[in-house]
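The structures come next, written out as structure tokens.
Both complexes shown next keep subunit A, but they swap its partner, so subunit B is in the first and subunit C is in the second.
Moving on, here comes the complex of A and B:
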């Protein structure tokens, strides 16, 4: 902010635009967080690669060579990370030289992988963000994802209609599943005061066990499956792929469009709708909401029901977009990754959107980094970078202090979560 | 101990909170620091207490320059502070709170509670404080909690006590007791810096008065040389009307009719007992009484927040008792709650949004789908202008506003609806002189437009200045409804529980 005040002319137009944006300092915090994450990851790469670590014992005799070799290794690793997550430069050059379907598919593969991974996470993160913005700490994401997935699967097995009917039907069923589970926690909280953290946490265990039971029932069980997986959803119940005509490895599906619609819908909900505004009010100050004639019990139930329906939808997207079947680990860490995504996105719809894509990028990029670096830099390193970035974004006070940013107080306090973050 | 602040300047970004401030406090002196909200009093005291570091200037104790970097330094130099919002742990008892941070241990690491309690009692006796060392803080009245804070400062051998708006939270009786305490502290040689904006107290207590405005000292005076009017003018920088200008009321039809209501509080105790009264269009009924005599529950019943256990509340002939809050609002009852931050505002939302909190269903602010953001913003721009709400824009979060401006937001919102009845609880609590004047003018204006008004206030001055009739509440019951010409003594007696027959009216 100080730079804008003192020397606006020296900044590029893009930078000036970023500074003028409403959450001007958030942009800087994000850039710095990424920077810190990459630096930290770089140190970790050097420390965990024996050859590099060895070279540092000769650092005094050949300082230049030592630093150069470490830098090159780290640079190469990050290059692979980026190319694996966003776009492969080599493939891009080939496409430009020789435009063909095969080359186009190779160029799109990394980004497709990133967005495919991110899709259910976007929707799940949105669901949790709704709760957090209303000061309801729903940690039953996993259970609600499972509930959504199971009901979607039930619909998939029960009807065999045209995809235009079948898929929306699965979506509705999944949203209903998540909504019922989370809505139950809402009803309990509103009318008995049972804390939503405990109820939703326990519902995770319940749903894991319910899933285990269902997977051995004949309706779901796949005969002879060693991993306990269910039968697969038929072709009419799957979300269509965008680029299946190019290559079978392009998994990006229609679910991504659903996720974008969900982002816009949630954005609209909080900004424009009366109910969304009431949820914010009840979340931020239940007493003032009551004086203003708002019935907070109703708000709690609506909030958790909506949140649950999005998590259920995430389960459906996971099921019908990629694997098409359910395993006993279905939902896996989605419930908790989504909390981190909501945190990273600071509970803002588009923040969650990009947060989830960042997670997707670190996942696909991390795999590429492990595969293509000569020393096989571990996949978990991408997770380390991811963790550091999340840490920095979640505690802006740290970055603001470390980099001596001015006027950062509003970032520390205004998280839109009613004091939870 | 002689304390001197010399040339203190403190800036926050472009805002100069203190500019070249000088202040001398002599031993055994009660020094009042007077100024409106935002005049820089608290900044100055936070500098003295080490919570803020000044950009320029020096602090001298007994004519020697000292450095105060944090509250620990301040305490070490004999400076103690009692904050407006107490820094006590509610579930701990008095001794625990007083020794917190400097626990006597013997043998290490066992805390010697006995010695601590004995020391506390000695200290309390020295200054004639009545206190039970074993009482739990949350069960103590506010006035006693404040004494615990003072004892805490004294136990650290404070010779200069900073009291930040100490009377803002006290009832009139507690304020009287508090003044006695201050005088006894003064007699034992302690210096006291007393921050306030209540002129009556300043004149009653102070030895020296320093008046601040906009971060600067605008004058140093004594009670002998000043009067309320002069002090108010110094504070605000212009002539202030301390009296409320109002024509005699011309009451119309009965708007609100309350018949025999009983209201229970959270603990199930009946705190409003068989209360009946009526309020007419175009008149102000002022409810007077010492805090805790059923005012809160009465207002909650009249606004639908609490269901009366018996009785009728009728507004223009429509029965409301037992209906949800929404119905009360729709019936045309405006409510300016006592604790505006907690009950009147959502601090994280913008001014515009706060200006429509209870009007989400108003067709003006609706579109076919969702809220009409443009209309809400326009409404914000208009009301900010009309009510002179001081803010950078209507999009600023309400939490960034001063108390007076927050109160203006609540007032503006309630007055922007079509009202039949306006209920204001403690409409000017914590407001500075300028804002009080503004708030009083608004209340009189709404009365003159034909709305029935109820104000509930524990400030006798306000009750007398505003009320067309005064209802005195004592122990949940209305003692009497009297005209505003009633003397302060008679009102005081009624507030203390005397029956109307016993008071010569």
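Moving on, here comes the complex of A and C:
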């Protein structure tokens, strides 16, 4: 500290930048986390590819070739990951050479896929972040997404109104579904002390089974469907695509706008609203909140209800934006990914937004990686990288110590999980 | 986090808590009884259920194959047991009492010995190859219902403290048994012994998981990563065994390896929670996410291409000589794969370690009041490291039970949330190994029941999905305080900062 403070003029701009980089802030932690995740993923690729593994047996006789072949494989895989998630360079060159609708659609495809996958995840991550901000660990995202999706579907095929009425009605129904399920956990937590982790976890499994039950009932089942799919959402209940005039494979839809609105709304909720402030206070210091006259039972229920309604909304976005019907494994792993998204975004609305886009990128890029690498590196590698990144971001103390970053104390929160009751 | 759990602990408070618990248990039992009376008791009077006991006179232990021999055995055992108990009074406090619940066990075995001759006389068909028994459904429902209501009423009225949880467990078990009898009415034989045996097999994971959770949380660290440790143990053990093709001691070492992988993730949790004082629930969830992704990656990238690394190798089934030939109890408890016996041993060891050794006292003190422990010279962080790593080891071995137990290859998602259920069981068992054992057996029974019920689907009014949801719903009911207020270790989940 003293050296930088007393002799700033003597150091060149590069050196100053390097010194600054050693001061811990969230950006540097994120970069380092991504770096660590990619290194770990690279090691995994090398270890699980037999050819590369064999080449390491001559690591001492031909060190250069060994390292180069491993590095090239890993680099190629990550290149595919990036091109599949953000932009394909080849397609971009084609577009520049020959601007046409088809080429534009090819260039936009990866990004559209990323944002489409990210859309429900943004909203789901926001929902969980609300809980985490007030120290409520709602891990029942999966069940609440399903509940929201089911109720939205019920509205979607029961009514055939104009889109301007139908879509808001679906949104309300979905939010109600998620809110009811999470609110139940909230009521149990507030009045009986049942820990929300277990209640919400169990509600996940229960909702999966309930969904399986509903899909074979005549109310929901599509006649003649082999894969257990439900009836489809009518044309008026679907969210409109942005680029449907370019190509049918560009699935980015109006849901993304709803997600951005949700981000802004949650931002406002925590920054400006009284209830949001109360929730934050309960989360950071429940004793102080009680002394200040905040009714903790009420805030627990409000918090979980809000969180659940956002997760239900995520289910609705998934339903009306992409699939338009429900299958027994509706929602995929959104509920669990949303937990890690919230942790990655450090529970801040815009952090969650970019975290979800990162997840969407890893998902679509991972599929491209699986398709285009010679050894078909499985797309679950992307999830491994994600998990490592989230591990590093959620517990920055490790990175701060490993890379000798300075002044990292403000990033490390030592809040207790508070035990079970 | 409610105000009640923070109120000062006084004798009067504790008494009122245990009385409230007894009242709650009694009311629960009465509700169950009414359900049984109305539901099972209303079956048509002609309906019968044939229970199959899964043994015949050739394989059963000769001593109990006839009522007369059995009576001899019963009275002999009873007299000898009484005499032993009377003689061991001075020893009891030291040796026998160190195994908590030994009296309960004696009572359980005694009850079994009383019930068995009654069953033998009541209507076991002597003609068939396998012993069966025909039970009238409606009468069973009525009897179970009345018994349950009466017990519940006594419990609620007299506020019995000591016998409360035992009676509740028995009541729940009887309720499920009645449900089985009701479901299997009329057509198929009820494979009671097989269902009970699979219940014990299923509860193995739960026992390991909940004991692991108990060890960690007694020291004040919330281990929500049990699910991840299960996956690590399941995957590593089957790959190791398959690589050695199940030869020699490979399965033993596979169990150890599974334990080591569990301990590794326990160590990671400990480092993050103790050294960096991170939020333990977040670390746990992230560890589970990592293990999920990693297992999926390894399965799709490596194991799907090399099936020989993910084979079917089961642990040997060991029939305890003599004991395994007792009817019903024999196949259920003493004719199981080795891991089941390891599970029982670990429960006893964990209980002994936690409540009868210096180490256990220190672990518990660290989990209750770390500052006080620090003051008397206990190294809080080191104690917690030890407990969390040992807990991880136990959970890892439990994970091996998913693959090596039934002898099936590893599939993605095969742990299906048992790691979280184990946490609920730990709460149900009140952070005690024996409580965890009893709760695990009850949950295992529910899970085995839901798995076996597709045999009787045409009888079922309730959709199968709801039966499958039973373990999860019971978990919710359990943690939401039907079992009464529960008190976790005071410093559970609170990072410790040395002053």
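Quick note on the criterion: the second predicted complex is superposed on the first by the 388 of 421 C-alpha atoms of A that agree within 3 Å, B and C clash if a C-alpha of one lies under 4 Å from a C-alpha of the other, contacts with A are read in each partner's own complex, and residues count from 1 in each chain.
By definition in this document, a residue touches a chain if its C-beta (ideal position, glycine included) is under 8 Å from a C-beta of that chain, and two chains touch if they have at least 3 such contacts.
Bear in mind the structure is a predicted one, so any value in this text is a computation, not a measurement.
Looking at the superposed arrangement, the partner reaching more residues of subunit A, out of subunit B and subunit C, is C. Of the two partner chains placed by the overlay, only subunit C lies in contact with A:398; subunit B stays clear of it. When both complexes are overlaid on chain A, the residue A:284 reaches subunit B alone and has no touch with subunit C.
Legend: residue contacts after superposition of the two complexes on their common chain; A:194 is shown touching subunit C, with no touch to subunit B. Look at A:384: by the touch rule set out above, it reaches subunit C but stays clear of subunit B.
By the document's definition of touching, of the two partners only subunit B reaches A:271; subunit C does not. Shared-chain residue A:293: touches subunit B; no touch with subunit C. Common to the subunit B and subunit C interfaces on subunit A are residues 290, 414, 416, 418. For subunit C in complex with subunit A, the touching residues are 1-5, 217, 222, 224, 271-272, 275-283, 285-287, 289-290, 292-294, 296-298, 300-302, 416-417, 420-421, 423-424, 427, 463, 465-466, 468-469, 472-473, 475-476, 479-481, 485-489, 491-495, 497.
Residues 44, 48, 137, 139, 188, 192-195, 197-199, 201-206, 209-210, 212-213, 286, 290, 296, 336, 339-340, 343, 377-378, 380-381, 383-384, 386-388, 390-391, 394-395, 397-398, 401, 412-421 of subunit A touch subunit C in their complex.
The part of subunit B that touches subunit A in the complex is made up of residues 13, 303-305, 324-326, 328-329, 335, 337, 342-349, 353, 357-358, 360-361, 366, 369-371, 373, 397. On subunit A, the positions that touch subunit B within their shared complex are 268, 271-274, 277-278, 280-281, 284-285, 287-293, 295, 406-407, 414, 416, 418.
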